[in-house]
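Sending over a structure as structure tokens; questions will come in a sec.
Just so it is clear, A, B and C label the chains in written order, and each chain counts residues from 1 on its own.
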Amino acid sequence: MTSRITRTSILVFFGLVWLLPVYLLVINANKSPQAYNSNESWIPSGTSLISNMVNAWRLSNLGDSVLSSLIYSIVSPLIAVLVGAAVGFAIVALRMKHGFWWFVFVFGGTVFPLQMVLLPLFDGYSRMGLFDTHTGMIIVYTAISIPFSAFVMRNFFTGIAHSVFEAAVIDGASTWWIFLRVYLPMAVSALVAIFILQATFIWNDLLLGLTLSQSDNVRPVVTTLSGMQSTYGGAQLSTVLAAGILVSLPTVTLFMFTQKFFSRGLALGQY
Amino acid sequence: MTVKKDHYRWAARSFVAPGVLLVAVVLYLPLLWTVFLSFTSYDGLSSPKWIGAANYLQMFQDPDFLNSMSNTLLWVVGTLVVPVGLGLVLALLTFNLKGGVWLRLPFLIPYGISGIGVGLIWSFVLQNNGALDQALHFFGVVDNPRWLLDAPLNTVVMIVAAAWQGVGVNALLFSIGLQSIPKEPLEAARLDGARGFRLFGSILWPMLRPLTTVVIGLSIVASLKTFDIVLGMTKGGPGRVSETLALTMYKDTFVNSQYGLGSAIAVFLTVVTLLAAILYLREQLSKKNEF
Amino acid sequence: MNRTRRIAPIASMLAASLLLAACSSGGASSSQTTGTLKFVTDKGAWKPQFQSLNSVSQKDIKVSLNTTGYSDENQYQAFVKQSFRTKQSPGLFTWSTGDSLKQLVDQKLVADTSAIWKQEIANGNVSKDLEKYYTFGGKQYCVPMNIAYWVMYYNKKIFDKYDIKTPTTWAELMSDAAKLKKNGVTPFYQTTTLFTFPWFETLVAGTDPALYQGLSTGKVKYTDPRIVAIMNVWLDQEKKGWFNNAGTTTDPAQMLKQGDMAMINFGTFFGASLEGVGMKPGSDYGYFVIPAVNSSLTKTPVPVETGPMCVASSSKQKDLGLAYSKWWMESNAQSAWGAARGDVPFNPKATVKDASLKTLGTTVASGKYELVPRYFEAAPTPILNVALEEFGAFAANPGDPKPFLSKIQTAADTYWASKK
């Protein structure tokens, strides 16, 4: 069908345009710091991508941070996804009284600018001994992921006919069983999407890591890397760009792998 | 039936509790502290001094603040048109297309790239004599606008940079919505002869509502809080012309150590965002007869 | 169906993370005078150099640093200020002299170091001239972390190509710039963020040091006709195209190497950045002290920047911090630092990689030159912030200086009024 061909060609063209900045990122990260020239940004040269990445890793002691960031980006979104789904379930399926306002309360958590949360949180964490700990970071990352999760799941669950819930109740199921065995499995694609988006967001976090952690083994990876760049002299641009690519590899790979998952699609119950 | 209702109330509370508790403690407590600070004068070192509503009065009379507000409004509108609008177009184009999932991939990659990379690439592309200017020179276009130095061009250009990251995510969410539309009504409409825009208007758009609400709602909230990308590209400058509310708040607090004034702006921003969110959601969600 | 299969890995993940959380913590703390000292700094990029001194400090006084670097200036300052009242009060941290340090001293947040200064001056480890930047109310606080002079760096290859010699008078500098421009080379560097003040400082201090001094005490207004006249000189140079494109965010060392401009008014710490892009001192780049604008001045003003290393008075590691501070000022430490960073040392007995820097240090201390505090430290913080923005805006859109100057003056009026 011509429409298929037209659509595909439009998408391929724009896809390439979209990737142009990535092209720039890669070829400039590939240049050796000594030979770099900012007036030739489109022209590829050099083969220093790997050595720049190794250099960046060494300069900022990335190993420990990578482990920490992995923990944060896996545990926190996981908890947040389940907690958010629970909120959505209570409001939609269990038809909680004043459900809209409970929902607004939870969603409202994302309304407040993050920068203002930093200093009071630092103060509180310090008092409670949570400063510079893995637990402290996990708690805060989970809390900021819940509003988005609750929002998407609440809306997703409204697409499931209530008769599904009623039928399960008639069958004698408990609310927990209905949640875990009926609603969650139906929402897998949404759950995975939320998980990936939040995991990426947490992986790329700079501010929270900067304020609430200090030691190399607790700091997330982007915070550690940011120490490389400074007006008082630091790593050269190609090294910093190489570091940027290095740090982005896991998240970009994650997106590529889960693409297959989304293509399987999902048939929902009656509307 | 009354027994069942009570049973659900308990269950509902236990489902909602973890979310509410975490959000209340980690996010709302600092909010309360900020509200308190907004009525004080505080430099971060000595103790806060109560000054009533003086910060709010000062804020509304400052022309830079009003400029910041109009920039933020520009961001909200721009974000709805570009990343959201294009996201929808992209989702529709890849809907039911063979290999559509892979064609969507280039748009998703930018979201996976870390903030360090994104801020750097775009300033590097848009600075005077940066990559964009070099490319235009190559095609013979010599007299280029100063992308990042002239307002409001710099805000528009930054919205495009933000869209680069945002389109993919919105397309993904819209695609989830499209996939969960049941096949029967769609087939029925097709058999009736509906095509293209009619199909979209009468079937797809209404059935996308749950996801559209999510995307637009999130977009309004996120765009009102625009911060990272402006800080990375122009720092609100030159001078203060491209500042958004979140940036003004940040400068007052962290740069000028005027925590009271910064808090007042934060409270104002939060109230505006909350109101916008509630109004939009209320209108959207009341249309659902499930509720 | 696969819910149960998912639970096992999830559970083990949670267990693992809890275990790790239990094992993780910050560095050690001690109220003795030996051990590991937690050090926070905004010069995050210098972390490797700070850490490299540990082998020497461990040998000399059995103290080593555990350094955490922060790269964002504003967040760093907010963080440190907030931490004074918490258990994280830093045992050692870097800061800025001038108004920023005065704020901390006024609130009694930093430890007194008068005894250390007295001893080190007596031992010849530091010049008494430096003391005044660290003195408040007759007592000293903190010790110098570094010192840098603001001079003019230039691309030697470009100078040689057009047969330009380093200028010894302002008139020569101006004609050099004109010659460069005629040959299609941009003479000077400018930026619209952070380092927007050097040219203002060079022009004003070089015209009349008393005028420059008056700005920092509030006696001279930014809207003073003499200041406006000086800004018009700058405007004229902008119109002649003597500065690079303001919208550039490329690293200045990179730009000097590429010849995007021939000269840059910067601090002596810049040498390390130039080496980082592959330029060699003497063959690729050089520097000279900028001659005074006003040739009738008897002494040429040289802006100096000195950054302190401080100990928080409420810190659990206060004694450790003070022990390290004392050691830092001595020749062993300063020679090691000179080898690591290659900066000008404040300790006349220390050795440094680039011998010419050491000569610079002694030269500017002599009669023909006069040290003036860098604008960054001389201007009170609220005024500085507005000034940096306005100078940047001026560079981006050069025009009548009066509106830019009045904005700075408004901030100055508010500040000085609050001090009465």
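Heads up, the rule we're going with is that a residue touches a chain if its C-beta (ideal position, glycine included) is under 8 Å from a C-beta of that chain, and two chains touch if they have at least 3 such contacts.
Fair warning: this is a prediction, and the values are worked out from it, not measured in the lab.
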* Asked: So which chains are sitting against subunit A and subunit C at once?
  -> B
* Structure fact -> Comparing B-C with A-B, the one with more C-beta contacts is A-B
* Express in whole angstrom the distance between the two chain centres, defined as the mean CA positions of subunit B and subunit C. => 37
* Asked: Distance from the CA centroid of subunit A to that of subunit B, rounded to the nearest Å?
  -> 15
* Asked: Multi-chain contacts in subunit B: which residues touch at least two other chains?
  -> 124, 129-130, 250, 253-254
* Per-residue overlap in subunit A, given as positions that touch at least 2 other chains -> 38-39, 119, 226, 229, 237
* Structure fact -> Where subunit C touches two or more other chains simultaneously, the residues are 75, 78, 82, 250
* Asked: In their complex, what parts of subunit C are in touch with subunit B?
  -> 74-75, 77-78, 81-82, 84, 103-104, 107, 109, 192-193, 245-250, 381-382, 385, 389-390, 392-393, 395-397
* **Residues of subunit A touching subunit B in the complex** => 4, 7-8, 10-12, 15-16, 18-19, 21-22, 24-25, 28, 38-42, 83-84, 86-87, 89-92, 94-97, 99-100, 102, 104-117, 119-121, 124, 139-140, 142-144, 146-148, 150-152, 155-156, 158-159, 162, 175-176, 179, 189-190, 193, 197, 200, 203-204, 206, 222, 225-226, 229, 237, 240-241, 243-245, 247-248, 251-252, 254-256, 259-260, 262-263, 265-268, 270-271
* Mind pulling up the subunit B residues that touch subunit C in the complex? -> 43-46, 123-124, 127-130, 146-149, 235, 237-240, 250-251, 253-257
* Enumerate the contact residues on subunit A facing subunit C in the complex. => 33-39, 59, 71, 74-75, 78, 119, 122-123, 126-127, 131-135, 138, 180-181, 184-185, 207, 210-211, 214-218, 226-237
* Touching subunit A in the complex: which residues of subunit C? -> 1, 3, 10, 13-14, 16-18, 20-21, 24-27, 38, 40, 42-48, 68-72, 75, 78-79, 82-83, 85-88, 194-195, 250-251, 253-255, 258, 260, 269-270, 272-273, 276-278
